[in-house]
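One chain, subunit A, appears in both complexes that follow, with subunit B as partner in the first and subunit C in the second.
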Partner chain A sequence: MTDAILALLHMCIFPGGLFALAVGFFFKGLDRRMVARLQRRVGPPLHQPYIDIAKLLTKETLIPKTAHRTAFLLAPVIAFAGMAVCAAFIPVPGVFQGLTDMGDLLVIFYLLPIPAIALMLGGSSSGSPFGAVGFSREMLMMLAYEIPLLAVLLAVAMMAGKGMGTGAEFSLAKILTFQSATGQFGFNPVMIPALIAYLIFLPGTMGVIPFDIPEAETEILEGPLLEYGGPLLALYHIGSALKTFVVLGLGVVLFFPGTLTDIWIVNLVWFLLKCLLLMALSLTLVKSATGRFRIDQAFWFYIKIPTVLSLISLALVWWL
Partner chain B sequence: MSDFLKKLSVRSPWLFRINAGSCNGCDVELATTAFIPRYDVERLGCRYCGSPRHADIVLITGPLTARVKDKVLRVWEEIPNPKITVAVGICAVTCGVFRDGYSIKGPIDRYLPVDVNVPGCPPRPQAIMEAVLIAKKLWMQKLGVEE
Partner chain C sequence: MSDNTTTSKTFSMPLGPVHVALEEPVYFHLTIEGETVRNVNLTSGHVHRGMEAMAAQRNFFKNQTLTERVCSLCSNSHSFTYCMAVENALGMSIPPRARYLRVVAEEIKRIASHLFNTAIQAHIIGFTSMFMHIMEVREIMQDVKETIYGNRMNLAANCIGGVKCDIDTELFSYLKKSLNTIEPMLRELEEIYLSDKMVIGRTKGLGILPKKDALELGVVGPVARGSGIVRDVRKDSPYAAYPDLDFKVISNEGCCVYSRVQIRFSELFESISLIRQCMERVPEGATITPIPHIPTGMATARTEAPRGEVFYYIRTNGTDVPERLKWRVPSYMNWEALGVMMKDCNVADVALITNTIDPCVSCTER
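Right, the complex of A and B next:
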């Protein structure tokens, strides 16, 4: 019973829920600010994402007549709930182990696509043709970027498992202890292709330029999000902020989980700094320097480059 | 609590553009001039959104031609309350040289409650930014909170 309450607390306060929300929105504000500075603009204040949420809560909610009411209302809640739970499985090295007895890497792999699936559900139930187009684009993007993710996770699991002689090791806690004993995977030449593949996977799963094709506001009026407004849209934004924390945290845990000292607050700041660096490299720089791909270009890009890179890593781990 | 949210909310005005038969001059001023480093309106928390459902401040350009009249009115209806309507350019304000033309149904305030007028052909970027600031004040009045 106490275990269940503790797990719930982890999902609601730290590292899921409130903490992930604060960090995710802070990162999003920093991202907007950095993009503005890279384009020599002043940019919005750092707390702008929080203000946006406050604004959305005061707006009225409109539900289209043609929409499937239940699915339309449930989709944002599913996106939010999936990510709030997923964030609790992300360990913060030196601070928090992650909910190791309740799930591992495979659970995270199953939980990660939930926001995209909820977006597809919302878009297809909104009754808008733009939502339907966004749905089909999101589907295609998901098919493309989930393959490299699976190969990257497998490569990491095989690497840790071979070192410990257990086949493939999917427990994040064991992967962490293995890395602290033998060196971080991000500095291992065998794992570098997988790291690059993960960096390319990030903008795809977060749906930012150049891979914001399902939510292209100039082509299909934000696609699945078109009919959402007010508090429902706020829930989608909250889910997206949680997802920012989850994917960046997962990247740090898989490739650079090193800690500095035994003091937990230092470790926490160090972890967040590494997340920030990952975001600046894979999201902010790419976003401010590129334009949007066409859907077929993005699909083949994901099939050709990150998939091949991650499979190279997997093969190297397998045979070496 | 809700007063606090309302006070915060005017610092995040999302803009939506409707082209009601404009020559694109005002649209160029809106889309590019407002977002180049010199006049950056994103520092006020503004963002152009693609969907009318996300909009707070709607910027209408053009003299409202007969072809687009129904569509403009329909899109305007889709925007959730509270919303502020801004007419950008002399076409949207009075129809300018096109007034009483055979294909012109404007000006826009015959059909919609326009809150702010920005005259000019095209208006200066500073004027557009001032209109956004005035729109924020009006939005506060509509929400019923003091600054």
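Right, the complex of A and C next:
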């Protein structure tokens, strides 16, 4: 019983729920501000994402006549719920060891694509042709970026598993312990291709330029999101903020989980700083230095570069 | 709307009339198969303002203001051509200084217009930083316009018989300084824009308009020159001070979106050199001549606007109100080429291809 309450607390307050939400939106605000500064603009205030959500929540919910009502309403809830659960599984090194000590990496792998699937569901149920185009693009993108993600996660799991003699280790808590004993994977030459692959995976899964193809504003007018407004759109945005926290946190946990001291607050700040660095490198800089790929170009890019890189790491881990 | 006329393999997609990537309302009815455009139907007429009828109710001076408001980015070309048409009808010739000053205004507008188009192109590709960079450089030209003419868009530089405002040495030296600032910036932009792998990947070989089709459709301006047709009114039938100035007509055999961007960038430097030549060679003297008695008759005039040839026809009946004023704008000629360019293109490229003809809906529908 206490376990269940504890799990619920982790899901609602820390590290999932409120904490992940606050961090995700803060990062989004920071990202907008940094992009603005790189483009010589002033940029919005840091709390702009919170304001946007507050405004959206006060608006009316409109459902198009052509939409499949249930699926249309359910899709943003699924996106939000999937990410809210997923965020609770992210351990914060030196602060929180993770919800469970077995198989949580697999759970995260299954939960991560949920927002994209929900977006596809919402897009195709909205009855708009833009949603349909967005649906097919999102599907192709998912095919492209899920392969390198799987290979990266496998490489990490096998690296830890081989070191501990268990084959493949899918527990984040054990991967953390292994890394603190033998050194962080991000500094291991064998794992560097996987790290690069993960960095390239980030803009794809977050749907930012150059991989914002399913939602390309100037091409298909936000695609699946076109028919959404008000609280439903807010739920998508909340899901996306949670996802920011999840993918950045996962990146830090997998590759740079080192802690500074035993004081939890310092470790927490250190963790967030590393997340921030990861975001600046893989999202902000990339976003402000590139244009948008066409869907076929993006697909082949993912097949050619991150997939190959992650497979190299996987093969190296296998043989060495 | 017959939007449901689709087969099982294709579906229809309404693009517009209000589309985020385009500044003006135009409605594309696309038939899509997967992500490929199979058919394009264009519906326009959303911003028809009845300007030709309005022009027949106003006197010559009021029409000067009216024609300047036909379009925003090539506003100067319209009043320029209108004034030329009236001058031809009245049998006037304008002072030499005015001829040079008209070219200065026209070329300043051309630089700003071409930069705007390339910026929007970057925006459509999703290259926001490039968009901001180009608009920042364009701001220098906007400052020039505001400093010299007092306005950022509608310069009101031309009037029947000459130009409205003289440019003194102080303003000329300011203009010279601004051109010196902007030139290296444009070189840098050109280098980045034309060598960026992503821009090349999105634009090269896209929106092909073969020379044969271009000739048949009678396209004008950078679209024609991008398909290897050397056509420029400034060279073909020189007007104002253009016969005395040295410049090249840039053309390119590429026939694609990329080659049209290349042309616009090269033309920027030609425009800068034209303004510099004007500043060196402009003679002293009057800037305006008085208007003679208005005869009955008709006349035409044509100029090269940033988007291509602008053609004006005027018929007078001896009063101060024209009996008929009619104009043909470059975008009108270039619209039809979209059908050829968009054939079997990707949905992602529709906005990009539309932007490449630098469409001006308000001109076309006036």
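Couple of notes before you dig in:
Here, the second predicted complex is superposed on the first by the 317 of 320 C-alpha atoms of A that agree within 3 Å, B and C clash if a C-alpha of one lies under 4 Å from a C-alpha of the other, contacts with A are read in each partner's own complex, and residues count from 1 in each chain.
Basically, a residue touches a chain if its C-beta (ideal position, glycine included) is under 8 Å from a C-beta of that chain, and two chains touch if they have at least 3 such contacts.
Since we're looking at a predicted model, the values are computed, not measured.
Three-chain overlay on subunit A, with subunit B and subunit C in a clash.
Of the two partner chains placed by the overlay, only subunit C lies in contact with A:289; subunit B stays clear of it. Contact with subunit B, but none with subunit C, is seen for A:48 once the two complexes are overlaid on the shared chain. In the superposed model, A:5 makes contact with neither subunit B nor subunit C. By the touch criterion defined above, A:40 reaches both subunit B and subunit C. Contacts of A:57 after superposition on the shared chain: subunit B is touched, whereas subunit C is not. By the touch criterion defined above, A:132 lies against subunit C but remains apart from subunit B after alignment on the C-alpha atoms of chain A.
In the superposition on chain A, A:297 contacts subunit C only, with no contact to subunit B. In the superposed model, A:226 lies in contact with subunit B only, and not with subunit C. Among the listed stretches 5-13, 59-67, 77-85 or 131-139 of subunit B, only 59-67 clashes with subunit C once the two complexes are superposed. Across the two superposed structures, the residue set of subunit A contacted by subunit B and also by subunit C is 39-41, 216-218, 221.
Partner subunit A is touched in their complex by these residues of subunit C: 11-14, 19-21, 32, 34-35, 122-130, 132-133, 136, 196, 198-199, 201-202, 346-351. Touching subunit C in their complex are the following residues of subunit A: 35, 38-41, 129-130, 132-133, 136-137, 209-210, 212-213, 216-221, 287-295, 297. Note for the complex: subunit A touches subunit B at residues 32, 36, 39-45, 48, 51-52, 54-55, 57-62, 216-218, 221-222, 225-230, 233. In the complex of the two chains, the subunit B residues touching subunit A come out as 2, 5-6, 8-12, 14, 35-37, 40, 42-45, 48-51, 53-54, 56, 78, 80-82, 143.
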